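Chain naming follows the written order as A, B, C, D, E and F, and within any one chain the residues start at number 1.
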Amino acid sequence: MYLHVQRLINDIEADEPDPAAANALQEGLGGQFGEMRTMMQYLFQSMNFRGPAGKPYRDLLQGIGTEEISHVELIGTTIVRLLDGSPRYNGKKTDPLDEPGAGGRTPLENALHESNIHHYLVASQGALPVDAAGNPWSGSYVYNSGNLVLDLLYNLMLESTGRLQKCRIYEMTSNKTARSTISYLIVRDQAHENAYARALETLGVSWASVLPIPKTNAEKFPEVRKLLDLGLQSKQYSFDLTAQSEAGRIFQGMSPSKDGTQLDASEQAPAGVPLTIAEERFEEFSPGLDPELLALVQATAELEMAEVQPLYGPIPPPEGTS
Amino acid sequence: MYLHVQRLINDIEADEPDPAAANALQEGLGGQFGEMRTMMQYLFQSMNFRGPAGKPYRDLLQGIGTEEISHVELIGTTIVRLLDGSPRYNGKKTDPLDEPGAGGRTPLENALHESNIHHYLVASQGALPVDAAGNPWSGSYVYNSGNLVLDLLYNLMLESTGRLQKCRIYEMTSNKTARSTISYLIVRDQAHENAYARALETLGVSWASVLPIPKTNAEKFPEVRKLLDLGLQSKQYSFDLTAQSEAGRIFQGMSPSKDGTQLDASEQAPAGVPLTIAEERFEEFSPGLDPELLALVQATAELEMAEVQPLYGPIPPPEGTS
Amino acid sequence: MYLHVQRLINDIEADEPDPAAANALQEGLGGQFGEMRTMMQYLFQSMNFRGPAGKPYRDLLQGIGTEEISHVELIGTTIVRLLDGSPRYNGKKTDPLDEPGAGGRTPLENALHESNIHHYLVASQGALPVDAAGNPWSGSYVYNSGNLVLDLLYNLMLESTGRLQKCRIYEMTSNKTARSTISYLIVRDQAHENAYARALETLGVSWASVLPIPKTNAEKFPEVRKLLDLGLQSKQYSFDLTAQSEAGRIFQGMSPSKDGTQLDASEQAPAGVPLTIAEERFEEFSPGLDPELLALVQATAELEMAEVQPLYGPIPPPEGTS
Amino acid sequence: MYLHVQRLINDIEADEPDPAAANALQEGLGGQFGEMRTMMQYLFQSMNFRGPAGKPYRDLLQGIGTEEISHVELIGTTIVRLLDGSPRYNGKKTDPLDEPGAGGRTPLENALHESNIHHYLVASQGALPVDAAGNPWSGSYVYNSGNLVLDLLYNLMLESTGRLQKCRIYEMTSNKTARSTISYLIVRDQAHENAYARALETLGVSWASVLPIPKTNAEKFPEVRKLLDLGLQSKQYSFDLTAQSEAGRIFQGMSPSKDGTQLDASEQAPAGVPLTIAEERFEEFSPGLDPELLALVQATAELEMAEVQPLYGPIPPPEGTS
Amino acid sequence: MYLHVQRLINDIEADEPDPAAANALQEGLGGQFGEMRTMMQYLFQSMNFRGPAGKPYRDLLQGIGTEEISHVELIGTTIVRLLDGSPRYNGKKTDPLDEPGAGGRTPLENALHESNIHHYLVASQGALPVDAAGNPWSGSYVYNSGNLVLDLLYNLMLESTGRLQKCRIYEMTSNKTARSTISYLIVRDQAHENAYARALETLGVSWASVLPIPKTNAEKFPEVRKLLDLGLQSKQYSFDLTAQSEAGRIFQGMSPSKDGTQLDASEQAPAGVPLTIAEERFEEFSPGLDPELLALVQATAELEMAEVQPLYGPIPPPEGTS
Amino acid sequence: MYLHVQRLINDIEADEPDPAAANALQEGLGGQFGEMRTMMQYLFQSMNFRGPAGKPYRDLLQGIGTEEISHVELIGTTIVRLLDGSPRYNGKKTDPLDEPGAGGRTPLENALHESNIHHYLVASQGALPVDAAGNPWSGSYVYNSGNLVLDLLYNLMLESTGRLQKCRIYEMTSNKTARSTISYLIVRDQAHENAYARALETLGVSWASVLPIPKTNAEKFPEVRKLLDLGLQSKQYSFDLTAQSEAGRIFQGMSPSKDGTQLDASEQAPAGVPLTIAEERFEEFSPGLDPELLALVQATAELEMAEVQPLYGPIPPPEGTS
């Protein structure tokens, strides 16, 4: 069972809208080696896992899989921020009577020349479950052989390829919004690569100096450097509310990437940052609520909020967060 | 950000393996109107949501979307149980030296005549991200118009269709494992249908006696009857660890299904039941660890488990659970 | 612009339900060489046609394309009849209070063992836009090179392959419902093959005795023989309400199939037979109207029917039809 | 059975070629919410319809479905006009000896930089059965649950989403050719939305002021305004040659959109405008007939046109048309 | 550049037709981990290879890729043999006047109940480019990251998974035709797994006892045992006519599978066995040549065969072959 | 069985990188009418061929199919050359310590604006198994009816359409690298079109002056003219190492294209030109070997190359080649 926290797993830096960068990030969301794929692959590997003796491996898969859902949320939200307002429509955002296209204006003209017209025509300046070339995500991507060693080997390759592609995306754009999320995911992909490499080490494989694969010089990317200095490539959170995860039996010892750090599985989850909700975009008819409907929503909002009876909690506000 | 509890959202009744029923359930997992689709659709609608004034609607989408992840886990695990052991391979499960196929035996012969050969050939008697006709799940299923009213209308139709298909699956099999999960999902789909119908009521729509759509006689299915009597069709959990959800501002008042119940959003999450891990299946080479590797795993398992430092917790054991 | 007549283009013989035959016919509906494909291909070739001098060729494509829409209607309806009632559910069809699955019954159990479970789970014992292996119809099937000679050559091959597959389907089932439609389509495919072969003859190609391709012995199928004796393989209707079609400039002279007949384009359309509406299937919750809704429909039905002001008509009842 | 009239359902205004606009319109032709989808969905819902008591609903579906075929023809032809000549190839169109690319010229260079290279490389400056992102149309789009209420709800959402996307396309281009067709389809989509909303009203649903969904300000688009003033959003033609349609039993009374108009189902079909055939494009080798083949076609064209013996007619020229 | 030898790379044992086994083998031909995929993946990796210093790796990929084309030929031919004659149509094969289906017979009735109806309806009892669940092969399967280490790691996983699936197929059928090819491919997959594992060893990875992955007990399958005893798991042919392959610089030393054998790259190609051509199947209208066409073919066959002027040859008959 | 020669079937002229042209060429590689399709279609038609009497036809299919593998290699390599270095990254190619992206540079910025971002993000400036609109190659393209006449007719249409599209690509770009390969393939497609047209002539069809279809004026393209003057449109190589091909029984006599040439099947294979390996691209992390790994490769390269024991050879250096 899963629960949600109204916080993003990492902060997204503000910058100008940039639909071309948004489209490149779609590969990291809905591509063959993106976050929807890792998320689904590890959830299926956890559900289908065989052999109670292998619980530490199952828990490792379950923990990383849970983290990937938050990555889907992070990169999807980043794409929204890169697209939001990109038509540079000078609409009076707060005026619900505003009339996009009235009199024959063309506030969405830019859509004809951006990377994926569906971002404007279908998704209302939002994220799509597709890759950077517009292919919809497919269930055929999910790999789960039922053989633990093969699955670990595949996962290692999957994380490495995801990181490789994100390093290439880093080289495609200098937009800070895009880079803040890409850099974070580069480092987390490396943490997961370390996790699977370490799991294979427990089965006897020795990697010499071949890890990380590939040896991008991501440590020379300033935003990545900062996160490496915090050791994020060598931490794995449990994301487990019941403290039953045994993943730490595997994720320990010296990092297989031989960067001199110790693997550390002692934290439950990062603190995260608050989630916000995007503005209306009237030129997309989103929400396009007319004054009458707005009034109805308002009325609803004034009702008393129901008391939620907590099973898992009460939750203390995480330290060091606003 | 998401966290995980090592518990299933609902109990799965034990019964004989039944691969034909397992395949029918695949529609509920990976079909156009299955749990992977509702999960992804609501997560995208939450990420892409526009208009801070609409937070109660966003929170409703977010809460139901989070529940759907647990439904994926539930129905996937149910499929595993229905498939597990279905080749009736009399292997000595605990003997790692067991030799499937040795001497030319054919322990997987049944696979040639079951509904989806991939359950044995690819998925090792596990669940697949495909529908009951074998089509892989596709990102093109996800609907998110950016217009709130349209999205609510679509979601209402989506939940209703999901429930319709599950009622048909109920009529296809009397296997108790299958039916326990199908019945639970029928009732939860109805709860979600109520949620979206109620949200449309806040915008002025009035349903007369048309809900639920369709009027299946599911209340005549004994397993469903039991859950309706518990009122599960009129509850919506927040699945929110930070108690910030405002979904209860919408999910309240008389049920739009006009069954005389009150909508209730006052609980965080159901208690759930413990997760277990499936047995090895040597005829699938899953995990197929040879004695040498088993010993390595054993050695690993004897290491001290890392201490997890909780941010969200410590978590009290839910009442009434083992 | 298109208009509709509430008549089927050919009669469907009555026989027992036969879901396996229904599934084979799906290839003729939604397969790569089925009626949805010919319909769409010729409509696109008509819309995209270049060169006013080639109007007779455009009109030939337009006329055959229009016929194919009626073929979609014919084969779809045939599939409905083959599926309808196939679960042999002894429901009291006329009793809207009937309760499928009540008390835990399994009236749709057969669905687990039929060719395509979606016929019951998704389509309510109706036709689907998929082929006999369950693949959805795809726009990538449509061929339209923009070069007239190539398009004619492709269409000749397309009709020939469609006929070849239908001859194979004929050999798969002796169900009379299936065979009456299959036989009709075999003969009409041959008429279209003749049309494209003749069009290529006007450009200089001479076929010697190679036509029809392939030389199936379909004339030895009794149901086909009857239609050949009526000369249906050598007729092409215009389906044109404005009598502007010049297709007859091409479709004339001796048949390229060298069966001794003359091609004849002098008729507008066949007489057809009345359309009927299928019965409710309560076990599919289709329509699953409860008594209250039924009463509402009834009330609506008692209102006066609006007068339709005809532009194309009045239409005399076709001769020899009921 | 279907018949064809050599007339377009609405006029297409002339303007410059505009391949970017043509590509945006592809969403309206081959997209998930485009005309191919509505056409196929309603044809399948008509074929698979259950319950003779529901004939007015079946006839409504059948009539709108027939109209959608003409919409496919209309938007497809509009795309052809927007693409035709867009490479601005200064060929002597009437000279069959013209030599595109001779001496190494590059008359199709523009294709490398337009929205969809297939418009030039595959479709010869013609329409394709794909969406604006290049995805082929898929049979998996078609929804037909077998439950009438669900189907009506889906259709309402489908028409609303189609209209929403067309309003966005309107905001993307000011090309008159594109806008004349887009505006017409916006208004017709609203008529269909009204039809399904009204059908749901007959079942008890009351919409208050929520319709149309979404409330775009399309009435502020001048081209749309003109059509609304003609009342086209409140008319539904029968497209039925046998005057048997009972759709008018539903499509009557005040418009559910509450714009003060009365729904009117008293006309058979609009008058339409004459169809024309596009010019040859030699740089596409389309038709690329050399002089010898042209002479053959000419010879063929001089033969007597076959007499068509009408079943449905003779047809009087519609009033007010050339 | 590629050349062909009219010989199969390995012998196929004769047995009864077995369409269920044929369908299982489709996974090995057109599945995600089948021979079409390995073939295409290695051909793309060879074409796209970067870095002249890495020629031995390129040559290894090129050599294995070339072998995979022969594997496609082998497994495709095996499927033909398993399907051929499976309808048990008692046709007089040599009589071209034979009339399948004449008088209303149903010689293809079995097709309705076999694993994939397309084997009879589309492919004329031949192989299809699809997997065992009927999904067409897709270009999206091909992996080529551009990073050598990642590509090697992926290829190792790919060969291991292919072998795992083939071991499962072995356990599904005891048909000798199926098993003779499956066993051969199990052993060759292991040879390729050794090749990629060895290549990774040259980069520093050490596998301890983890190879082969998975440790199936395939050596207990009698047909596999025989081939292992011949050492086929430790040989890699160059398939290179110009003796320029440097793959032997990598494929040497002790096998990474630690079975005590030495890797050996000293042979160009196996001897193979003669190819034969399947019989006509008149019930499939294949070739369905009527007597007239047969006579034409005969006449053609009596013409003198053209002299082929060899560039690569003359070719001595391989030793030990008929 | 297949063997490989480390030579390209035709020379590729050098020119500047041109990613837009590279993308257009993808249609010729992975499109519906590209080389992957012809290759796979003819290989399947060869494997599935029925009727020993038809061996000359089988051998014709086999020979052309083998040539198509070399065409895949040729056009894939051409795409690599057009993409390679297109980001104009001024990297010091020979410096393995070079640091793409270091300090936040964006050496791959161009990728955001090129035709297919996957060329940089996924394929490392290499070829992809997709078409020019980004659709992955699909097994559903392969046509193999089992009826010889239909297959020949299809193949004729396939080669003609492939040639038509390549003529259009020629008109899209003047890049010499692109044109040298496109022109060669135009001429070879015509040779294959002649082969299938001739095969149909042996069955009685007579083409008058309709061939080649379409009549592009490709002979006016200077690069094509040169190859036509060499007679390459009327030659078909056997690509057969065992001199058993009987294709020459068909491919003889006057060309059906009526250009006055004689068909000639007397050569085994063209001489071809040497293959080279592309440079490293560090900005793609391809190979991205760090100095340590490079040293390991170096060490490996210094080992003795294994002696290859030839079965098909020894091979004399082809005349007139370096």
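Annotations for the structure displayed:
We take it that contacts are C-beta pairs under 8 Å (C-beta built on N, C-alpha and C of every residue); 3 or more make two chains touch, one makes a residue touch a chain.
Keep in mind that this is a model prediction, so the values were computed, not measured.
Counted as hops between touching chains, the shortest connection from subunit B to subunit D is 1. Rounded to a whole number, the gap between the C-alpha centres of subunit D and subunit E is 48 angstrom. Taking each chain's centre as the mean of its C-alpha atoms, subunit C lies 40 Å from subunit F.
Residues of subunit A in contact with two or more other chains: 122, 134-136, 138, 140, 145, 147, 149, 164, 203-204, 209-210, 214, 284-285, 288-289, 293. The full set of touching chain pairs reads A-B, A-D, A-E, A-F, B-C, B-D, B-E, C-D, C-E, C-F, D-F, E-F. Of all residues in subunit C, those touching subunit D in their complex are 1-9, 30, 36, 40, 43-44, 47-58, 62-63, 66, 69-70, 72-73, 76-77, 80, 122-130, 136-140, 142, 144-149, 202-204, 238-252, 264-272, 276-281, 284-289, 293-294, 296-298, 300-301, 303-315, 318-319.
Looking at the complex, you find that subunit B touches subunit E at residues 99-109, 111-113, 116-118, 120-122, 130, 134, 136, 283-285, 288, 290, 292-293.
In the complex of the two chains, the subunit E residues touching subunit B come out as 20-21, 23-24, 27, 31, 115, 132-135, 164-165, 167-174, 179, 209-210, 214-218, 220-223. Residues of subunit A that touch subunit E in their complex: 32, 135, 138, 140, 145, 147, 149-150, 153-154, 156-157, 160-161, 164, 200, 203-210, 213-214.
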